[in-house]
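Two complexes are shown next, each including chain A; its partner changes from chain B in the first to chain C in the second.
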Partner chain A sequence: MTVGTKERVAAGIGENAPRPDGVAKLSGNFAYGSDLWIDGMLWGATLRSPYAHARLVELDITPAVVMSGVRAVLTQDDVPGRPTFGQVEPDQPVLCDGVARYWGEPVAIVAADDQETARAAVEAIIVEWEPLPPVTDPDQARAAGETYRDMVIRRGDADAAGSVVIEGEYETAIQDQAPLGPEAGLAIPDGSGGVDLHVTSQWIHIDHAQIIASLGMEPDDVRCHPVGIGGAFGAREDISLHIHVAMLALRTGRPVRIVYDRTESFAGHVKRHPARMRYRHEADDEGRLVKVTVDMVLDGGAYAHTSHAVLANASFFTVGPYKCDNVFVDAAVSRTNNPPAGAMRGFGAVQVCFAYESQMDRLAEVLGLHPLEVRRRNALGPGDPLATSGQIVEGSLPTLRVIDELESIPMPDAAIPDDPRRLPGGTGLTTPKDAVVRGVGFALGLKNLAFSEAFDDFSEVLLILTPAGLEIHTAAIEVGQGLVTICEQIARTVLGIEAVAWLSADTSQIGSAGSTSASRQTQMTGGAVYEAAVGLRDKILQQFGGDELTNDGVYDRGELVATLDAVTADGPIEQWVRYRHPPTEEPDEFGQGNPHAGFVVAAHRAVVDVDPELGLVRVVQIDTAQDVGKALNPQAIVGQLEGGIAQGVGFAIMEELIVEDGVILNPTFTDYLIPTLLDMPDVGSRLIEEPAHWGPFGAKGIGESPTISSTPAVVAAIRAATGRPLNRVPVRPQDIAGV
Partner chain B sequence: MDFLAAGDLSTALDARAEHPEAELLAGGTDLMVEVNLSYHRPAGVIAVRSCEELLEWEGRRIGAAVTWARLEDGPHRALAQLARTIGSPQIRAAGTLGGNVATASPAGDGLPWIAAIDAEIEVASQRRGTRIIAWDEFFVGVKETTLAPDEIITAILLPEHMPVSQEFAKVGVRNVMVIAMVNCVVARGEDGFRVALGSVAPVPIRAYRAEEMINAETSISDAALTEFARIVSDEVRPISDHRSTEAYRRHASGVLARRLVERCLAA
Partner chain C sequence: MNVSMTVNNTSYEREVEPRTLLVDFLRDHLGLTGTNIGCDTSQCGACTVHIDGAAVKSCTVLAAQADGASITTIEGLSINGELHPMQRAFTEKHALQCGFCTPGMIMTSVKLVESFPDPTEQQIRHGLEGNLCRCTGYQNIVTAVEEGARLTEAHSPFESTPAEHQITLREAERRAWERSRT
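Showing the complex of A and B:
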């Protein structure tokens, strides 16, 4: 027996452990969904509605069927099982049911020997439409009772009144997730009637449930496999081509691949809900909120998707991270013929954050307070009731600290830069230095952690210890945020073993890990790994009579009592868990109760240079203080902070899907502009570690926060520079120039 | 014929005469976007990017196949400035001035420069030889030119007297890689200022009235510049579309023109 030199395990929590998928991604060797390929596969293509609302008068597939190289042409009549799908409510036809309700709705699908033939076959299909007037105004739809959900919040005294009243109307446009990796899938028949599906997804188990329903198959007959994701941001939460590609494979008996082109991708996934919000804040002379009254409508588009939950978030976070005893909200999400809306990073909290932070700035201005001072005076903290639901904030919520830490970050050089690329207008050379005005703006944002409203939210993980090390088996999806790395770090630290490998499981091998959304996987699947690792460690220590596990094996009071080989001599040791967060409740009819599992807060300060005459903006620097609970991998967090800021800047000044009569006018990267490196500001960050009341080592999910308050911070800075009201995002040059 | 890579102009012209239905390919940065995904199927392709005559750039003659990457480093200031704004380095390595001219997009960034300096378009065909076309007779509509089906653009011809100063600017909401909401070139020569704008009409246009006004000023005052900007805004003929509004394009046209005059004066 040797006396151990027990070192802390390398690449555990708190370190910037490298990503196992990092080098492959940087060197172009990582297989994304759109790289999937198998010999002998067919190519699929989709016929889509050119109208936002139209009756299908005639659909004749014969000209496509008879084309050489075409192997299948399918329509709604060919859907073997439930003709509709949907994550919450199955209301969307798998293929057009006789009426198209949005632009780009799938009508028929084709499988052919090659992509060209498949596309030609789609064009050969004879289709006649009778256009119907599209419903495109969400207020009108709401008035007509066409809503997916209505929310009413009644908290406190309706007669309460403040001495200062701020009223405002705000609008947010449609932002697209614009993931660089398009919708992609490969379906491979298994030869005995079943099918293996490899489709880009954020949650393969919820896909699986919808797919088997529409295929009319038993759960065991369909296996959904995780594939490499080239960006998700919510766009991979709902079904796109999954059922189609499976239908084509089952019909032809051959593997079938579908990859959307960019325009199809814009048509083929749900977007951020556009919103119209009417706000009334009442405060006392000191700036403390007395009452907040809100009426808002979100546009859910043609089908339900996750509109239900998005509206709940918009309603519950309508006041932000601030205390207020009297809150009255009427909110609805409308059914229209606009592009279907659903999940996108921030999920309802983004839209209202723009509105409430604009209100807070105006309140500060009226009272002559610094924008951060009015926020300090109202800051929500642990033990306080959430302004809307009245839920008492449990665990940590360092609202005051994010404000203080944000202020401690140094400001950028006050001089306007000389490099023209760093001026408004950039390489376009529009703007001389003396036409530039600088502005600074602030914003805070609040978000819930994981799923709310009594949803049975869990993640399953199976750990297996072998002589080679630990295997993590899970169906949780890595979308580029670094989940694999974090889970490996957690396992290493708990078990003391460095050799840890993540093995993605398909739907037949393990239960659901839940969605990679709602800022939940670090806490949920990370929490499952933590709990399973603790169970595994304790089991081994007990069996071998030790007090510590390391890379070498089991130690007892400093002495090695069993090597890892000895520990696994009788075979691998397994530990399975299904991890749940603290239960949440359905709110009552007035929105009161405990619908949330926890909260996370962040603050942003934006410094912008504006050319007021041309209305052009260059964001110089954005600093952020982020509530992280515990920084499991600081570098991964900073990655999220920077990426979220890029998306927030995009929404503030350029990202907008323009829809007219239900038709998307800019479904390309030529015209849907996302920030480039030249548009990206410098970022300063502070991570605030106050442990959460659940989850591994007190970590909080921070995937969404960075994008929520960065948008209003940028707009506040542009207002500070120009004095324009700017009640809509994205802010367009004509809004700033006032023409 | 499916595809021909012509190494010299006469080969290209012969092929063009024989296959007027075939499309010319230079850098492919416009054509391939169309071809991609089967939106457009050319009956045949004649690649001209390796025709020696089209790659030459000497004195007043810029070969049609000269790339943005070369123009970016060239001596003509506004041309270099605008070349830098075209797409990304990959696009600039492939895309050509001739392709930009042939595409004749209202937003084409090369076009206002051609209009501002009063350049001519040199074209050739097997049957009729060389023809020289004034820029305002070449661009006739949105993506419409007077190039005949058997012709190839061989060069852009610069005037004998080049401006003493020239400046370019382009408005877009992104700081790089963006299609112009408005682009503008102002050139200052012996005879005064010339002002050309793109994205504000079906074809590149000159703001002749504004030019006349500013060129009549003996010393250019602030008030004169304001009036000049107003006339430019009035003279352009923009539309509203998903990229911008008519009102903004008018406004930005005046602002850009004025700022470029100021830049020319400071040069």
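Showing the complex of A and C:
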């Protein structure tokens, strides 16, 4: 019997383990959806509505059908099964049902021998529209009863009143996720009536359910496979080309590929809901909140998608991470002819954070308090009821600590820089240094973790231990955030085995892992890996009479009793888990109850330089203190914080889809601006570990937090520099210049 | 029409439509899908490759224009299976998440540090502003390019040439870079 030297397994939790897909990605060997190729495949293309609202008077596909190289031209009449789809409510036609309800709505699809022919065939289709007046005002739609959901929150005493009253109206515009990788799919008929669909997604099982319904096929006949994802941020939570590409493959009996170009991508995925929010905060003389009254409308656009859940989030987080006993919210998400809205990072919590943090700043100003002091006085913590639902906060919620830690981060050099690249407007040399005014702003943000409101939220994982190491089989989608790294780290730490491989499974091989959204996968699929690994370890230790598992094998009181080869001598050892987080409840008709599984809080401080006359802004530095529960991979967390902040900075000062009469006017990266290296400031991060949470090792999901409060922090800093009210994001030059 | 070019040290000759973009030629005709298409309008830089030693967005060039050229794509950057120092720096500094921008980011960075062997943060930010990333917030990309410059210096192809000559080559590259920026 050998006595081995036991060492802590390398690349376990807490370490900056490298991405297992990193080398493939930086060598050009990683297969994104847009890279998929199979010999003999056809190319698909889509005819779209040029109007936001129009009746289809004539649709004649004959000129396309007769073109050489065209293999199929399909319309709504060709949808084999349910003619509509939708994640929550199947209300969107797979192809136009006679009325187009948003700009870019798919009308017909074509498969042809090559991309040029497919696009030419789309152009050849004869289509005549009768334009109808588009509904573009969400307030009007709400007044007409055209809503996807209405929320009412009634908590506390309606007659409660504070001595200080702050009223404000706020507006947020439409933000696009703008992932760099376009929507893409390759459908391959299996020769026996079924189809394999390789498609960009955040949740292949929810796609699968919608696809089989519209194809009218049995679950086993359609297999959805994960593919490499070039960013997601919510854009891939709803279906885009999935059903179309499968229909074309099944009709032609040949593989079909569709890849959207950038403009199609802008038309083809849901957006962040634009919002109008009317707030009234009442506080006592000390700045403690007495009552918050809110009326808000989100614009859900033409179809439902996840509007129900987005509105719930906006409503429940309408006060933020603050205590208040009397809260009254009336909220609605409207049906209009604007671009359909759905999931984007922060999911309803972003819009209200801009409003409530603007209110908190005004409250501080009226009372002569530091912005962080008024937040300290109201900070929500464990044991407190959430202001809206009354749910008692369990586990960790370090609101006060994120404030303290944020303040501990050093400020940037107070001098305005000489380098023109660091001035507002950059090397355009529009801003002289002495015109620059500096401002500092703060914001906190609160978000729920994983799915809420009694949703049966779970993730399935199958672990298989072989002589070569451990395999993790899951349908969870890696979108870039680093889930593959985290899950491997969790498995290594629990099992003591270093050789771990992530193997993506398709919908026929394993059950759902749930969505890669809602800051949930580190906790949910990470939690499933944790639970399965513990089960696997205990099973092996019991079978081989040991007390520890390592890379070498099973040890008993320091002695190796079975090598890994011996452990797996009778074949691989498997452990399957369906992991659920603590159950949540449907709130009552007044929004009261326990709808959430947990909370995460973050704080941001922004330092900006502004040219008040030209309305130009340069963000100098953003710092953040983030509640992480437990830092499983600090480097990956900081990467998420910095990336999320970039999107928050974008939403604060540049990112807006311009929509006129329902038509997107800037669906390209020429006109829809996202931050470049020169726009992004230095970022300082503090991670706060308070692991009293149900996630693996106490970890919380942090994917969304950085986009929630970074935006209001930037706006607060611009207000501090300029004194302008700035009740809308993104802040435009004219808002700052006051013209 | 017929085009021939050297891509990653291999000669290719292909029949293409005159309108074929270089990026489509590389991806669809040669199967080199490491060069990504992110925007179609030359904003994002995901399709950056080296054409005769210059970093170029391959969606702005026709395959016909690259006839006779020597091209390096991300797949050709590693030598004998060993990662280029810039690739090593990107993985060590966690400079990628989804990775879609990474090939273009690395191809631009390799040329940037040839012009600026010891780049300042502002030189890196300015030099890479034509490459968009939606995931990282760029912080780790800046750190990786700094590290990549250090590692590249340690593996300088000019190691065996006289110091004066090195400076001359670098000066020429730097001037070319500056010209390309104006």
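The definition used in the following text is that the second predicted complex is superposed on the first by the 738 of 739 C-alpha atoms of A that agree within 3 Å, B and C clash if a C-alpha of one lies under 4 Å from a C-alpha of the other, contacts with A are read in each partner's own complex, and residues count from 1 in each chain.
In the analysis below, a residue touches a chain if its C-beta (ideal position, glycine included) is under 8 Å from a C-beta of that chain, and two chains touch if they have at least 3 such contacts.
As the structure is a computational prediction, the values presented were derived from the model and not from experiment.
Engineer: Please indicate which partner A:Pro179 is in contact with in the superposed arrangement: first for chain B, second for chain C, both, or neither.
Structural biologist: second
Engineer: For A:Arg618, using the defined touch cut-off, is the partner it touches chain B, chain C, both, or neither? Pick first, second, both or neither.
Structural biologist: Touch status of A:Arg618: first partner only.
Engineer: On the A-aligned overlay, A:Arg728 touches which partner chain: chain B = first, chain C = second, or both, or neither?
Structural biologist: Neither partner.
Engineer: Would you mind checking which one, chain B or chain C, touches more residues on chain A?
Structural biologist: Counted on chain A, the partner with more touching residues turns out to be C.
Engineer: Looking at the overlay, what does A:Ile653 touch: chain B (first), chain C (second), both, or neither?
Structural biologist: first
Engineer: Considering only the touch criterion stated at the top, classify A:Leu678 as touching first (chain B), second (chain C), both, or neither.
Structural biologist: So A:Leu678 meets both chain B and chain C here.
Engineer: Is A:Thr670 touching anything from chain B or chain C once the two structures are fitted on A? First, second, both or neither.
Structural biologist: In the superposed model, A:Thr670 contacts both chain B and chain C.
Engineer: When the two structures are overlaid on chain A, which partner does A:Gly643 contact: first (chain B), second (chain C), both, or neither?
Structural biologist: Only chain C; A:Gly643 stays clear of chain B.
Engineer: Should A:Gly482 be classified as contacting the first partner (chain B), the second (chain C), both, or neither?
Structural biologist: In the superposition, A:Gly482 contacts chain C only.
Engineer: After superposition on the shared chain, which partner residues are touched by A:Tyr32: those of chain B (first), chain C (second), both, or neither?
Structural biologist: second
Engineer: Quick check on my understanding: which residues of chain A belong to both its chain B contact set and its chain C contact set?
Structural biologist: Shared contact residues on chain A (touching chain B in one complex, chain C in the other): 116, 261, 421, 427, 670, 675-676, 678.
Engineer: Along chain A, where are the residues that touch chain C in the complex?
Structural biologist: Within the complex, chain A touches chain C at residues 16, 18-19, 21-23, 25-32, 34-35, 37, 116, 178-182, 229-233, 261-263, 419, 421-422, 427, 479-482, 635-636, 639-647, 668-670, 674-678, 680, 682-683.
Engineer: For a test of understanding, state which residues of chain B touch chain A in their complex under the given definition.
Structural biologist: The contact residues of chain B facing chain A are 37-38, 81, 84-85, 167-181, 241-245, 247-248, 250-252, 255-256, 259, 262-263.
Engineer: In the complex formed with chain B, which residues of chain A make contact?
Structural biologist: Residues of chain A touching chain B: 116, 119-120, 261, 421, 424-430, 432, 435, 613-616, 618, 653-654, 658, 665-666, 670-671, 673, 675-676, 678-679, 732-734, 737, 739.
Engineer: Spell out the residues on chain C that touch chain A in their complex, using ranges where they run on.
Structural biologist: It is residues 17, 27, 31-41, 43-44, 46, 73-75, 77-78, 83, 87, 90-92, 94, 96-103, 106, 122, 124-126, 128-142 of chain C that touch chain A.
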